[in-house]
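Structures incoming, each one as structure tokens.
Next come two complexes built around subunit A: one with subunit B, the other with subunit C.
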Partner chain A sequence: MRSILPILTVLCAILVIWYGAAMKLNAAWTYDQAARAGTDPTFVDVINDTMAQERPVLPPPHQVAKGLWEGLTAQAITSKRSLVWHGWVTLSATLLGFAVGAGLGTALAIGIVHNRAMDLSVMPWAIASQTVPILAIAPMVIVVLASLGITGIVPKAIISAYLSFFPVLVGMVKGLRSPDGMQLDLLRTYNASTAATLWKLRLPSSMPYLFASLKVAIAASLVGTIVGELPAGATAGLGARLLSGSYYGQTVQIWSALFAAAGLAAALVVIVTLVERLVLRRMGVAR
Partner chain B sequence: MTWFWGAILFWLAALAFNIRTARRHGGERWAQMLIPALFGVTVLVLWEGMVRGLDVPSVILPAPSAIWDRITLSLPTLWEDFRQTILKGALSGYVIGCGAAILTAILVDRFPFLQRGLLPVGNFVAALPIVGIAPILVMWFGFDWQSKAAVVVVMVFFPVLVNTVAGLAATDRMQRDQMATWSASYGQSLLKLRLPAAMPFIFNGLKIATTLALIGAIVAEFFGSPIRGMGFRISTSVGQLALDMVWAEIAVAALAGSAFYGLVALIEKSVTFWHPSQRGRG
Partner chain C sequence: MKDTLHIAEPVIEAKGVDLVFQTGDGPVHALKDVTLTINRGDFVSFIGPSGCGKTTFLRAIAGLETPTGGQLSVNGLSPDAARQARAYGYVFQAAGLYPWRTIAGNIKLPLEIMGFSRADQDARVERVLKLVDLEGFGKKFPWQLSGGMQQRASIARALAFDADILLMDEPFGALDEIVRDRLNEELLRLWAATDKTIGFVTHSIPEAVYLSTKIVVMSPRPGRITDVIESTLPRNRPLDIRDTPEFIAIAHRVREGLRAGHHDEI
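Let's look at the complex of A and B:
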């Protein structure tokens, strides 16, 4: 709690810098217009104008807030101009992809921990794949699946599943291996089966690792979905909102979509953190 | 059908070999290199066999051999795209972004107040979908590589910042007291104790940033670029259903990403040779 004041200070500093930058960047347009109209604006006029342009180079914070607020509340949530609707389109694909990716990652991690051949053959590739810019294949996945007749939520969910798969896999392999020799030996003296060891020792002790990687994974899968919405004339979702904003120079629209996406990412990470805290407390490993 | 069954047969043979080798020689070094390599080859063989055996049209999935042909045929194009995206966009953005982040972290480190404020904000921002600012920066800096470098700067800044700040806090009381008894100035203790101690953390951030830099540079090109660049080539080739070209670019991106990461890891190895995670290996 004692860090509230510093955080607020930093946020205020960001706002001040933002306003300053908005004035400076937008002033060029104001002077341009004034020169065309043949008027000579005073400094106050310039400041007032930079705060309320229709297509500013950098919209000042209050314009973004207004755009965000209008996007969230001013339309019916089924309207194509509502950010709630676009956000839902993105969120549903993200959640589907995240569930599939995290499930597959966990399953493969269990396989890797129990099978030496799988460990040796798959693990190096899983780690190497972290260094590859996977997002680059997003447009191809969308188009190829569209040509196979699969459109809508599934292609985006595949990209987001792919992105959330690897963090969960790597984290879970580490987590399932985290019980030490003594604990494993104890279960062996109980004559516990592999399944029982997995269920009663390995899975519970992997929980902290699982949640750490789930936080990375859910942020990654949201990015995956947004990038999946960019190519090939997608019309729905926050990514499509970004793209159409950039085509038509609607900067306020871009910034509000961006902040909607940021809010969504923050909410998702917070939810995972809350679940983590709840689970870890129930299991008695809370910090 | 020969292709199809041949691939299946190869897969089964490789699988049996891998299982046997893993069981008998799993701890030995040659086996740890051979098994993943054989796995990779098997995936390629299966891919080739499936595509040929099942007559998959090349607009859905081109065979690895077709992709290889495309790579060898269009080397000049690939090189031009590589230069535009990786060398100009990603690399310059990476250097600027990481440099700025490390300098900011050193500045922030002098003021605990700023540190307490900036760290949570930085952590928060690092989790956000920052690629989203690509359209804005493309609008500001134009279509050429400068806008891609700007996207990369913003993308790599926060992970490196957070890691460096954490690293600068990694020295313990005793070590700092030691420097104080030698009456070391701030600059001396920064250069001789705290920066070296922070290196493992900094390199962790730098390694995360390599992938982010490539992603940033490629995705930013989807929002507008001159008629070269890997992101541009990928999005236009997808539009023309020239999927072999797309896969060729992806192969180049994967290779560049691994090489970039490997380079940073090599530098890390020579800089942090004293760290327990580096000692006793190789």
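Let's look at the complex of A and C:
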């Protein structure tokens, strides 16, 4: 109960600010309309109008909630107007990209830890890869792959993996190097092979680091997928909803898709956290 | 087995071993001209002030450091070859148990790496847990055990694969006197039961005298041996042997050796 109160307080504050901003930003259009019609609206009229415009500059929370609810429930989930369907399109590419990214990040980290040449050569490139704006790369990937006849989930998953391998790489390099000298010496006294050292010491030691980076990586995966859905031509996915919403000035649709994406990200991070707890408890190291 | 003990059969032989570490502030002479023979079934303690190279010598025997001069052999092999032949078990100052493995799992670690069969692993875990008096604790995780119990588990881990040499670097350094006495007694019992050759680093004169058949006194800068004392105590030692004149005489000689080493330095 004690932890609920601060959360509710913050939530209320956000709602108040949001409503205030919506009234202020949407009022201009109301006054415009009134001036054109030659009427002189009262303050209450203006307030009421800013709360229920077709295409508000900033939709108030209840409009977004309604848009979100209708998007989720008002039609069959296989319908192209259903947020559930778009969410699934985004989710499937996200999960594929996340799996590829996490696998790639882990594999590169294992290489870096065991091979001096890789240690010196891979990291600078990995860092450089993340300094290139993803918005510049995404359309190229989509276009190039489309010209090769590859469309659908794969190009998006590639962009998603491009963003998500990096945190896993950084976390796993640190995690695989976390065993101290004594722990490594102990295995040397057993004449343990490199592979045995990896399986029995380095990988188990790196679990806390792995999960910390997976939480970052899964959120990055989702962002990558949505960015991959933005280039013109995409018709499915939350990113496509965002884009078509902005084409047609459907601000409620934009905000609904935005909140659907945020909810999806939160759910994914929660799932990773639960898996983390389960794994660490199985390992006997959960507190 | 006991009969063979009387024939001196060298297991570890050091002849003029030198070891210099190259560090950022110049070379550190950790071992200088160390000559020592350890026979099968010996219990050898290394004692000396901090920094005199006790750990370094033990690590050199284990093939974890490479001497820069002299000859060192273990079972007639180079230390590195002996390490690859899994000739010894090493007990570090900290227990160093893996927190994600149970006590039994920790003891199985060397067995898994060395490819013992499943059934053999279980049998060995049972046996060494009994040896260190930890029966019934196999399923516990390390954090559920006291420091002394963890250290015993780490000794069990070093015993599990039947290496005939046991190297121990201040294994009881962090424990209180009473627990230490108990573990010392246990260690002697274990040594008698398993017939191992033991190299043991300690800072405690009574511990060294109580446990050892041979006490090696070392002094620092550069680390070298100043005295080697063959114990005249019987192999069978109750704790109260520490009040006998014989014990006190040996302890006195060790103290003199330490003091002499200290004088050289000043």
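The rule is short, and it goes like this: the second predicted complex is superposed on the first by the 275 of 287 C-alpha atoms of A that agree within 3 Å, B and C clash if a C-alpha of one lies under 4 Å from a C-alpha of the other, contacts with A are read in each partner's own complex, and residues count from 1 in each chain.
Quick note on the criterion: contacts are C-beta pairs under 8 Å (C-beta built on N, C-alpha and C of every residue); 3 or more make two chains touch, one makes a residue touch a chain.
All figures in this text were calculated on a predicted structure; none of them were measured in a lab.
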Exercise. Give the label of whichever partner, subunit B or subunit C, reaches more residues of subunit A.
Key: B
Exercise. State whether A:A28 touches subunit B only (first), subunit C only (second), both chains, or neither.
Key: neither
Exercise. Using the touch definition from the top, say if A:Y190 reaches subunit B (first), subunit C (second), both or neither.
Key: second
Quiz item: Regarding the shared-chain residue A:M283, is it in contact with subunit B (first), subunit C (second), both, or neither?
Solution: second
Quiz item: After superposition on the shared chain, which partner residues are touched by A:L258: those of subunit B (first), subunit C (second), both, or neither?
Solution: first
Practice problem: Would you check which partner chain A:V16 touches, where first means subunit B only, second means subunit C only, and both and neither mean what they say? | Solution: neither
Quiz item: Considering the complex alone, what residue numbers of subunit B touch subunit A?
Solution: 15, 18-19, 21-23, 26, 31-32, 35-36, 38-40, 59-61, 113-118, 120-121, 124, 127-129, 131-133, 135-136, 138-140, 210-211, 214-215, 218-219, 222-224, 230-231, 234-235, 238-239, 241, 243, 246-247, 249-250, 253-254, 257-258, 260-262
Quiz item: Within the complex, which stretch of subunit C touches subunit A?
Solution: 59, 62-64, 83-84, 86, 88-90, 92, 94, 96, 98-102, 109-110, 112-114, 141, 161
Quiz item: In their complex, what parts of subunit A are in touch with subunit B?
Solution: 2-3, 5-11, 14, 57, 116-117, 119-125, 128, 130-137, 139-140, 143-144, 147-148, 215, 219, 222-223, 226-227, 230-232, 238, 242-243, 245-246, 249, 251, 254-255, 257-258, 261-262, 265-266, 269
Quiz prompt | Residues of subunit A defined as touching subunit C within the complex | solution = 182-183, 185-193, 196, 200-201, 204, 207, 283-285
